[in-house]
Structures are given as C-alpha cells and as structure tokens.
Amino acid sequence: MTYAAGLVAILAAVWLLLSGYFDKPLLLGLGAVSVALVVFISLRMRIVDDEGLPVQLPAGLVRYLPWLVVEIVKANVDVALRILRPSLPIRPRVIRVRAGQRTDVGRVIYANSITLTPGTVTIDTEGDHITIHALTEEAAAGVLTGEMDRRVARVEGRG
Amino acid sequence: MILAAAVAAIIVTMGLALVRAGKGPTVFDRILALNMFGTKTVLLIAAIGFVTGRPHFLDVGLLYALINFIGVIAVLRFSKYGNFADPDRERTS
Amino acid sequence: MILEIVSSVLVIAGAIFAVIGGIGIVRLPDFFSRIHGAGITDTLGAGLILTGLMFLSPEWTVTVKLVAILVLLWITSPTATHALANAALETGLRPDVDETEEATSSS
C-alpha cells in the first residue's frame, strides 16, 4: 500500500512537470484519471513492490551518479581519440567478473553502468557473473579494479 | 547558427549510421545502426525545436525516445526468436 | 550572453562526439567493437547536446522535458545495447578478440 501511494505521488509529479499547467481543472482531472488508471493496471500486474519502486536507491544514486558521469566522460574521450587515430589502436578482449551486489536491481545498475561507459559493454549475465567485451586493455583493467562494483554495492546500501 | 551547425552534425552522424546499416554485414550491425539512428533522431527533433523556436517539439522527442527503445527491443526479439510473442516457443526451439 | 556561450560550447562538443561515434561505427572492425562507437553518441553526444540546450530553455517546463529525455536515453540505451550484444552472442556471433581471460574482481 505504501508503494501504491508512492507510485501515485511520482506519477502525479511526472504529469504536472510534463504538462506545466497547475490551474486548468480539465487537465488536472485528466491527469488524475490517468494516474488512477496506471496505478490500477500496475496493481493488477503485481509490479508495485520494492523492485518496481526502489525507494532505497535515490540516496545512494545521488552520490554514485557524479562519479559515474566523470568516468563516462573520461572513457568517452579515450575511445574517441582511439577512433580518430589512423592506426586504430584497439585490442578487443572478453573478460568475466563477479558482480558483488546483493540484489537484482544492484546488478542491473552495475551491468548498465558498464555498458554506459564506452570501451566496455556487458554482453552476458548469468547468476552473479557478468561477461564484458572491452575495447582496450586499459578499459578492461578499469573494470578489473572493481571500483565500480564496490560503488554500486554501496548504492544498494542498507536497503 | 551554432544550433544549425549541431543539426548538420547530427544529420551527418545519422548518415554514417545509415552507411553501417547498408553495409551490415550481420543483422545486428544493422540493428545497432538503427538504434543509433533513432537516438540521433531524438536529438535532431530537440535541436530543430530550438532552431525554429518551438520547444514543444520536445514532447515529440520524448515520445520518439520511448518508441525507439521499444521498437529496437521488438526487432531484436523478432530476429532472435522469429516471433513477437509466444515465449514458450523460444524455450523449445 | 554567458549562458549562450556555455550552451554553444556544450552543443558543439556534443555534436563533435556524435560525429566521432558515427565515424566509429563505420570504421571499427567487428560488430562488438562497433557497439563502443554507438556508445559514444548515446552517452556524451546526447548528454552534451541536451545539457547545452537546457541553458537555452525559455521556460522551466522545457528544462524538465530535456532532463526527462536525457534520463530516458541514459537508461534505455545501455539496456538496448546489452540486449543487442546478448542476442548477437546467443545467435553464435563471436567477438573478434586478442585474448579471453577469466578474472575475478577483487571484491
């Protein structure tokens, strides 16, 4: 029930922010109907739970995202320079690492962060092992340090 | 002026994606190019909205981003399993 | 004025990264490495251009929509990329690699 209330709050906020109207009864009414419909369907699909609405994450994500953005920028510059160099200095390799997260949501965040960082792409996940295609030795070494793994594990935190 | 240059650059990128879509050689190269073409379309819609002074284009861009994602997943499913639904068939085949 | 300069720098940088990513997917030798080229356009290309446009927004609703598009792209693009790479792998496409190594991260 708490999750349903949270879902209502989030959907209402999305509606208000995207429409930008706060004083038109017709639009607010349509918004209320839409929110009610979506919540009803979500409840029927039984997806309103801690996975559909991970309330424990945002606090950790706030600290994680700036670090991730910096990593993405660094990786982007590195890969971009390699693409532009005529000799195309890449050494693709495949590595397998263990994802140290407790929850599925945590593993998804980790795998998606790896993919989001150019130079490394998650190509397979099975259990808590993920297989990564890395464009260069350095990119592979970056994943192998396990720093991102630890930071994502901290995001799920004490949930 | 700057925005017009950005629009031109986005169109060039879309052209490069089309080159890869045309060359292939695998179906996945083509889907990769298609996905990239789609995300660049979102950027193009957003940038053109600003060039023409009609930021309401962004609503279209938002919707296009959603449709592009679902479209790519649908095409992938289709190329992988040969059908859009029927999850049982993928396990038996 | 300052906002316009900041915005121009970001938009141009994003456009450059987008074109580099485009060159990447044409130039890189095999499918799995081409994914990294597409990754550049999806992360920094899109990120810088949309952030640059935010500095030009005439009203706050426009900024909200730009943020929404950015968040959506940054969540969906790695998901789509992973689905694509995984589908390719399961279909039997093998990455063209120098070496494959088994490794366990330190944690």
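Order of writing sets the chain letters: A, B and C. Residues in each chain are counted from 1.
Here is the rule we use: contacts are C-beta pairs under 8 Å (C-beta built on N, C-alpha and C of every residue); 3 or more make two chains touch, one makes a residue touch a chain.
Everything quoted here is computed from the prediction, not taken from an experiment.
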Partner chains that subunit A and subunit C have in common: none
Of all other chains, the one whose Cα centre sits farthest from subunit A: B
Between subunit B and subunit C, centroid-to-centroid distance (C-alpha), Å: 12
Where subunit A and subunit B are represented by their mean Cα positions, the distance between them in whole Å: 20
Where subunit C touches two or more other chains, by residue: 21, 23, 35, 59, 65, 68, 77, 79, 81, 88
Set of subunit A residues in contact with two or more other chains: 18
Contacts with 2+ other chains: residues of subunit B: 59, 62
Subunit C contact footprint on subunit A (complex, rising order): 17-20, 72-73, 76, 79-80, 83-84, 88, 90-98, 100, 111-113, 115-119, 121-125, 133, 135, 143-146, 149-150, 153
In the complex with subunit B, residue positions of subunit C that touch it: 7-8, 11-12, 14-16, 18-19, 21-23, 25-26, 31, 34-35, 38, 41-42, 45-46, 49-50, 53, 56-59, 62, 65-66, 68-69, 72-73, 76-77, 79-81, 83-84, 87-88, 90-91, 93
Subunit C partner contacts - residues on subunit B that touch it in the complex: 2-3, 5-6, 9-10, 12-17, 19-20, 23, 26, 28-29, 31-33, 35-36, 39-40, 42-43, 46-47, 50, 55, 58-59, 61-62, 65-66, 68-69, 72-73, 76, 79-80
Parts of subunit C lying in touch with subunit A, wherever the complex brings them together: 17, 20-21, 23-24, 27-30, 32-33, 35-37, 39-40, 43-44, 47, 59-61, 64-65, 68, 74-75, 77-79, 81-82, 85-86, 88-89, 95-107
